[in-house]
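Shared chain: chain A. Partners: chain B in the first complex, chain C in the second.
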Partner chain A sequence: MTVRYSELIQPERVHGSLYTDPGVFAEELERIWYRTWVCVGHVSEVARPGDYVRKAVGTQDVIMTRSADGEVSLLLNRCAHRGNLVCEDARGNSSSFRCPYHGWTYRNTGELLGYPYNQGYGGKGKLSLGLGRVPRVDTYQGFVFASFAADGPSLKEHLGAAAGELDRLARLSPEGEIELTAGWLKHRAKANWKLLVENETDGYHPQFVHGSVFSVTGSHIGSLYSDKSTAVTRDLGGGHSENDLRPEFRRMGTPMAWFGTSEAKVPEYVRKMRELHGEQAEEILIEGAPHVMVFPNLFVAEISVFMIQPVAVDETVQHVTAVQLKGAPDMNRRLLSQCVGSVGPAGMLLADDSEMYERNQRGMAARMPEWLDIRRGVGRERVDENGFRVGTANDETGMRGFWSHYRSLMEREDAQ
Partner chain B sequence: MSSLAGHTGLDLHEIEEFLYREARLADEHDYDGWEALWTDDALYWVPAGGPDIDPERQMSVIYDNRSRISTRISQLKTGKRYSQSPPSNMRRLISNVEVVAVEGTDTVAGANFLLVESRERGTTLWAGRTTYRLRRVEDGIRLAYKKVVLVNSAEALSTLSFLI
Partner chain C sequence: MEQRIIASEFAEVAVSLDTDANGPRLRIEDLRGGRVRHLDALELESVVWLPEERLRELLDPSAGRWSDRPGDE
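And then the complex of A and B:
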């Protein structure tokens, strides 16, 4: 059966089967997850030569390694002999991997080093086998991206305007670099991955889903997404979208208010930033961090970085860690603490998001009305000075951008 | 009590009574009763990825000081903490209780637990080893520290917003 995506994805509504049909999920793996650029991790996770860490691209088990010459590789965790896992540990440091089944060894760039009792193969160096390698690996602001397609748009082209948001994150560090060195929480949701992606820049839900924590902490986050907010939702093209909260932070005009703190609490950080950036420091410290969903799986929510991993049509794992700013230890403690309180299985924000994903998945089992509505704000969208479609803080502009790009990838005949 | 620990340490029976009560209050969502067990210098910790991470540098599932415990409880009490509204039905067994150390007025105890959680998502089995720091005070015993090491802390976890 051929899925007719142009019928299931319409400008103001999308069909429920896109979230529940295992056939759609299988096609997504091929046309999105094993083709476009997918974020895998960050170079700071494999800082030293020999470092490795197990990762996932779609449902693929991948080892991210750093070789002696500093190159980052993504190797498929599958012995070329009998398909056994060559790496069992979550992370470590080694220049090679040894398959425990028959002792085949591989360099951490994937090439076969040896196989025991080699006369059975006619001697040493007779086999031109190796670990599978993700064909294209590239980095941007230290984020490592993978593409299983040997050819296609470059990472720069894929990121498009979203690249600027990653720049905005990195410039918050006094050394211009972020690090993702705090380890990852892994949060499992019985829900389709697209529900997570759509929710990340949905400014309509926070006041409802997160009202419980806003009310007890006096958080200002709810008001950023209210009907009175001057913040906007922007379709950045390429399926990327953001909640641009800068208009609200500029209105407040207070350095560090974006982080819910004041400069008095992080004097060393603020001093370093002013020293580095001079007059421009005020703008950086006022505007804060981005809130951007990079298609299909990297979500930066100001202080937290999420990577969305599809597991099955109705199951997703969300990986999350705290942003750490190189050269800012006083900020990093606070970033970690605030992040731990907010995200993951027990997080005061994300546990409730995840509850919504799961209820959403169950709700869609109902036969009617079949469709999910994504029209909010269609009538009041505008095009900004850079040509991007913009809605209010709580409009569904980001979702429409996501679906438009999704459709273009899923409909391509040459993918079949 | 004429135990070796004298008048400061707790004996095993006292410890078990406290642990069972703490477990029942958590299972039954008696949020005020559970919060009242804690000392002012409380620490409630569920590490992620393994038992020995540095919580000041690494991500934890929960790493609450007294103030954050209070926020967590207040959020649950709003009735709009949707991941616990409706609340999970659950019961836990506590066993293998051991006294690890006696330090002044504090007694450090360890115990295993097995918890069955039921909610619309389905039934989830949680298990692990908990370390408690219990303090004798004038009117009873208080909880100063609780570290819960889940057996599956390195895996992806379902939502865990009840009191574990």
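And then the complex of A and C:
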């Protein structure tokens, strides 16, 4: 049966079957996850030659490697002989991989180095086989992206205005680089991946879902998303969206307030930043980190980085790690503890969200009403000076942007 | 003789400095296969200078351990 996306995705509502229909999920893999640019990891995870980590693109098992000449490759974790998994460990260091089934051995660039008892194949080097390679790999600010499409928009084109948000994250480092070296937590949710993506820049839920955390900790985050907030939700185009909290932080005008701390707590970091940036340091230290959802799976939530991995129509793994700023050890300790406190195993934010994702999926099993509403704030949107659609801090502008792009990808007639 | 383990999912070896001979040697034991090899200073230096291509050839399973040519192990 052909899914008619133009009927299921409307400007102010989307059909529930988009989250529950296995047929839709199968088409998403082909038209989104195996076509557009998907974030896989960060170059700092494979910092040295021979380093490798196991990753995922959609439901594909991928090995990210760093070869002797420094090149980062994305290899499909499937032996060219009998299709066995070649790598089992989550991470390691090895210039070559040997399949445990029959000993076929590959360079960490995917090249087949050899196979046991080669006379059965007529000798050495008789097979033009190797590990599959993701056709296009590119990086931006160290984030590694994959595209299974041999041709198509460049990564820069795909990122569009979202690239500036990643720049904004990197400039918080005294060395202009972030690192994702704190290790990853994996949160498995029995929910469709799009519920997670939509939630990331939904400014309507924090005061409800996270209300208890805000009240216990005295956090100012809730007020950033209130109706009185000057923060905005921005549709950055290309399915990307952000909660731009800078107007509120500028109003406060206090360096490090974005991080819920004061400069007295991280004097070395602040000193380095002022030394490096001069007068512009104040702007950087006041505006802080972005809160941006990069289509389809990279979410930067100020202090944490999330990568969303779809597993099934009703199952998603959210990989989370702490942002680490190169050259800022005093900040990094705090970033890690704040990240663990909010999204760690006993963290107080993501546990709330995960409960909502799963309740959402269960709720949608009900037959009526069939639609989900995404109209909040549609009548009060404006276009900003850069031509982007902007809503208030708690409007569903980001969701509408996501669905508009999603529809354009899913409707493409040349889809495989 | 302090022993260190160098392991990955693909191989596990124990390395230590052997001083039983007239000069020091690196003792390498394949913990999965049980075989031991000693490398002296000159052999180790040669490994350091081995062209990448030659090292790569050694990783071919048919290059030694799993060879089906007469005379190979």
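FYI, the second predicted complex is superposed on the first by the 414 of 416 C-alpha atoms of A that agree within 3 Å, B and C clash if a C-alpha of one lies under 4 Å from a C-alpha of the other, contacts with A are read in each partner's own complex, and residues count from 1 in each chain.
What we mean here is this: a contact is a pair of C-beta atoms (placed from the backbone, for glycine too) under 8 Å apart; a residue touches a chain by one contact, two chains touch by 3 or more.
Note that the coordinates shown come from a computational prediction; the quantities given were computed from them, not determined experimentally.
Enquirer: Can A:330 be said to touch chain B (first), chain C (second), both, or neither?
Expert: Touch status of A:330: no partner.
Enquirer: Of the two partner chains, chain B (first) and chain C (second), which one does A:381 touch, if any: first, second, both, or neither?
Expert: neither
Enquirer: Touching A:183, do we find chain B (first), chain C (second), both, or neither?
Expert: Once the two structures are laid over each other on A, A:183 reaches chain B alone.
Enquirer: Is A:217 touching anything from chain B or chain C once the two structures are fitted on A? First, second, both or neither.
Expert: Only chain B is touched by A:217; chain C is not.
Enquirer: In the overlay, answer first, second, both or neither for which of chain B and chain C A:114 touches.
Expert: Touch status of A:114: second partner only.
Enquirer: State whether A:356 touches chain B only (first), chain C only (second), both chains, or neither.
Expert: first
Enquirer: Which holds for A:209: it touches chain B only (first), chain C only (second), both, or neither?
Expert: In the superposition, A:209 touches chain B alone.
Enquirer: Could you look at A:61 and tell me whether it touches chain B, chain C, both or neither (first, second, both, neither)?
Expert: Neither chain B nor chain C is touched by A:61.
Enquirer: Chain A residues in contact: does chain B have more, or chain C?
Expert: B
Enquirer: Taking the contacts chain A makes with chain B in one complex and with chain C in the other, which residues are shared?
Expert: In chain A, nothing is touched by chain B and also by chain C.
Enquirer: What residues of chain B sit close enough to touch chain A in their complex?
Expert: 46, 48-49, 53, 56-64, 68, 71-72, 74-75, 78-83, 120-122, 154-161, 164
Enquirer: What residues on chain A touch chain B, complex-wise?
Expert: Contacts found on chain A: 90, 181-190, 209, 211-213, 215-217, 317, 320-322, 333, 336-337, 339-341, 344-346, 348, 351-352, 354-356, 358-359, 362.
Enquirer: Please give the residue numbers of chain A that touch chain C in the complex, ascending.
Expert: Touch residues, chain A against chain C: 68, 87-89, 92-98, 103-105, 107, 113-120, 124.
Enquirer: Using the touch definition from the top, list the residues of chain C that touch chain A in their complex.
Expert: It is residues 8-11, 52, 56, 59-63, 65-69 of chain C that touch chain A.
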